[in-house]
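Given below, in the form of structure tokens, are the structures.
Shared chain: chain A. Partners: chain B in the first complex, chain C in the second.
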Partner chain A sequence: MTGTMPRWMGPLAMIAAAVVVLPIAATVARLDWSRAPELLTTPAAIGALTLSLATAAMSTGLCLLLGLPLGYALATWRSRLKPAVRALILAPLVLPPVVGGLALLYAFGRRGLVGEALEDAGISLAFTTAAVVLAQTFVAMPFMVLATESALGARAGHHEALAGTLGGSRTRTLWQITVPALRPALITGTVLAFARALGEFGATLTFAGSMPGVTRTLPLEIYLQRETDADAAVALAVLLVAVAVTVVALAYRPLAARPTDGAGR
Partner chain B sequence: MSRPSALLGVTTALLLLPGCSSATADGDRQLTVYAAASLTHVFGELEQTYEAAHPGVDVVMVHGGSSELAATILEGAPADVFASANEAQMDAVRTEIATSPQVFATNTLTMIVEPGNPLGLSGLDDLAREDVASVVCAPQVPCGAATLDLASLIGVELAPSSQENSVTDVVGKVASGQADAGVVYVTEAQPSSGVQEVPLAGAAEVVSAYPIAAMAGGHSPDLGPSFVELVLSADGRAVLERAGFGAP
Partner chain C sequence: MSLEARVTMGSRGVDARLGVEDGSTLAVLGPNGSGKSTVLAAIAGTVRPAGGSVRLGAEVLHDLDARRATWTHPRRRRVALVTQGDDLFPALTVLDNVAFGLRSRGWGKADARAQSRSWLARAGLADVADRPARELSGGQARRVAIVRALASRPRVLLLDEPFAGVDVEAAAELRALIARETRDVTTVLTTHDPLDARLLADRVSVLDAGTVAESGSVDAVLSTPRTPFAAAMAGRVLVRGAADGDAVVTHEGARIPADASALAHGAPAAVAVTPIGVTLGASPGDPRSVTDVVVGIEGRGDAVRVRGAVLAADVDVAALDVTVGDTVVFIVPEGLTAYSA
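Take a look at the complex of A and B:
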């Protein structure tokens, strides 16, 4: 823990909190509590929530499976190209949602770079749940890669080196030394990736389409409901925020707060 | 789509900023027109006509989905004119209306396919075929409601792969090749979008009406009616017709 915060930072911190909290509080204030139970239990709402949780879980799994190796590779890679490659991998964070969707379309669409070959092989991603998972994985991956890379970068690697001299294989060292040490970072990455996947909207809409039960996740359902029933949109939005906040609150702890062997920042 | 909505948000924010609201630096007046996304090109032309006839007036166009525009107007956005793609949204803002709404154009539905129509699609019943990936507007938005009306009129059960939020999203899915066919307004079925039109039997029976009205909540309530007049004039009629809109 650093020392006591200078006094002048207090008001700035409060403004920062207000910028984030006020719009969410205003949304909750718009919620029509008497109609909420009915609005949240419509088949459309339950279907969208179920699809959102399932796809976000799948894409988070993919991010963990693929993002951990990529973060590891970036951390250990010695090259002048590294900053450029890292910046490229972070691109989904800054791409406007629609552009992300178009980019996926150009790659995996029926006439896309890879999509056309897949189509010829009889695999069509168009308008499938798999397309939703792909869109969410695309936008959520940077969180996992960054979390892994920065945590690994902060480790000196002595334990791994020692394990190596004792005859441990690289894989065994990974599972028994590195992964346990990275646990806090991996949890952070997983939680952030899940939250990002849950909120994914633009890429899904542009790339996967919007069909109840197949591709219409909760954010897409909110966008559509707003056309006819603003109360329903608000109720669903509050539900989405509640799910995300709960997940983050339960799983996320600041890295430094955990007793670790230097796996934190 | 979120691009127009983001634009709308930014535009609204700018309009709400004091100083940019009612007059520009040299004392020019500003007329703010909220118009359905399908009117973007037509109203762009009319904007130039209006500004040529009214020196010193700067027309600011805000385009988006009609229901989105209606919602922003109800939240206090300073609109002098509102042109909606359906009557329900005009009705939604009735408390803000200054002059009674008038229908100035109509639109009908058509089918769009890949240029050359490789699958040989000829009617709505082809959209129920298993090997055809079709997209339509969601029933919650005006073009989707009209599509459902037309399907039930013809007695066809559609089996879309996706129900899009706007007619432009449907065009996008067909133009990009993701979908084989889609149902859109005739005004959106332009060859320049990379799609080919297949006229639908019975489409003339399902007509969407576009109402326009001057609004009370803008910064130039005195100018609103003159823009409405232009849209309803013979000049306005001609521009609308060229874009494929029908007469009221």
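Take a look at the complex of A and C:
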């Protein structure tokens, strides 16, 4: 904690909160509570929610499995190219999701750079559930990489060095010392990645399409319902917000400057 | 296996040479910032120095001065280091901290834990074995860190200021542990306290701004130091001059009463005086008196050190009645012996 903030920041903070909270509140206000149970239990709604949770969980798992090593590599890599490579890896954060979807098509689509070869091998990614997971992983990965890299960068490596003098292999040191120390950062990265994957829309629509039960996730279902039944769209939207807010509230703790490890002197 | 190390690190002004006989303990005595930690880290391999080499018996752990520099990873050195910092791995229990080294050397989990438990019991730490390491007090954590280092069966044990930052009681327990358990282990410990060297070490090297000012047996270095720096580290004042039968005569002409009969008349001689044994006298009539001028007065806990140009005396605060510039008479203790300088 840095102490009490200056008084003039108070109103600004309230405006900031209002910018975020008002639209959400407006959505909830727009909800027709009497029809909500019925709207949320249609086969389409349940299918979309199930698909969303399943794919978001899978892509979060992939982000953890792949993003941790990538963040580690970035943190320890000594090269002048590092800023450029880091910027490239974080590009999905700033890329419009539709562009991300197009990029995925050019890479993994039927005529894509890698997709064509995969097609020859009998593997078709585009417009499958796997494509949804890939799109979500693409947009969510930067959160995991950022969290891991910055947490590792803040460590002095004192315990890792001592583990070395005791004969500890790199793998043993990773599991017993580094990963436990990174736990808060990994949780933060996981939660942010899951939230981002759950809300993914543009890249999914572009790259994976909108096939009910296969690639039509909750955000896509909301977008489609809006055309026919606005009340259904609102009910689904409130559901999505509720899931996301619950996950973040339960698991997310801000990455404060906590003591990382005990480097004496 | 005996250890031979030379560590150079220009950025920290370090150029030190150390040697430790197999199974013995060397104390590296020096003030804060004299490069002690750097020297130990280089021997352990956790810091790569600019130059120098470390040999353990016939094995070269690293040689950075050779035309083709060699470097052994810390993992393969079997040189354990205990630092002044928080050494324990916070995510593990005390027991698993101690077992880490054995597990790393291929022991099974159950065997490593049983062995670690008996190590902890020997150190009087059996009751904290299953506690998370982060819950221990500073003194306990330091003891566990030392036990962990010993349990890994190192070929050399390096202890960096093992008593720094722990309270007096914990320091006494630590001292007993080190004295008991490092008897047959080749050990280097750094300290700024000559008492640690006296109690724990066979030999001592005095480190002055990164270089070794003096080296030798504990008694030789601490009782008959050759350099003013080593004398100061040993808590003594070094007076150098020429032997003159029953005194050492400085170049400025001051006569320090000390038995110099073993030395040839006029031979270079030194005498190391402990200020606690020196008193302030009233008149220069006493045969053990030395007339001097006060150049400084420093508080030292429960006593005040009156520093003269030649000698110094630790006196009671209540008895202090001199100021800087006064001419005083120091009475040196009986039984001082001059030695060849």
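Simple rule for what comes next: the second predicted complex is superposed on the first by the 256 of 265 C-alpha atoms of A that agree within 3 Å, B and C clash if a C-alpha of one lies under 4 Å from a C-alpha of the other, contacts with A are read in each partner's own complex, and residues count from 1 in each chain.
The definition used in the following text is that a contact is a pair of C-beta atoms (placed from the backbone, for glycine too) under 8 Å apart; a residue touches a chain by one contact, two chains touch by 3 or more.
Given the structure is predicted, the values throughout are model-derived calculations rather than measurements.
In the superposed pair of complexes, A:Arg111 makes contact with chain B only, with no contact to chain C. Put simply, more of the residues of chain A are touched by B, taking chain B and chain C as the two choices. Once the two complexes are overlaid on the shared chain, A:Pro97 sits against chain B while remaining clear of chain C. In the superposed model, A:Leu162 makes contact with chain C only, not with chain B.
Chain A makes touch with chain B in their complex at residues 96-98, 105, 109-111, 126-127, 201-202, 205-206, 209-212, 215-216, 220, 223-228, 230.
Those residues of chain C whose C-beta lies close enough to touch chain A in the complex are 37, 44-46, 73-81, 83-87, 89-92, 96, 100-101, 103-105, 148-149, 152.
Of all the residues in chain A, the ones that touch chain C in their complex are 158-159, 161-169, 172, 176-177, 180-181, 261-265. Residue ranges of chain B in contact with chain A, taken from their complex: 1-3, 6, 65, 67-68, 71, 133, 135, 138, 140-141, 160-165, 169, 172-173, 176-179.
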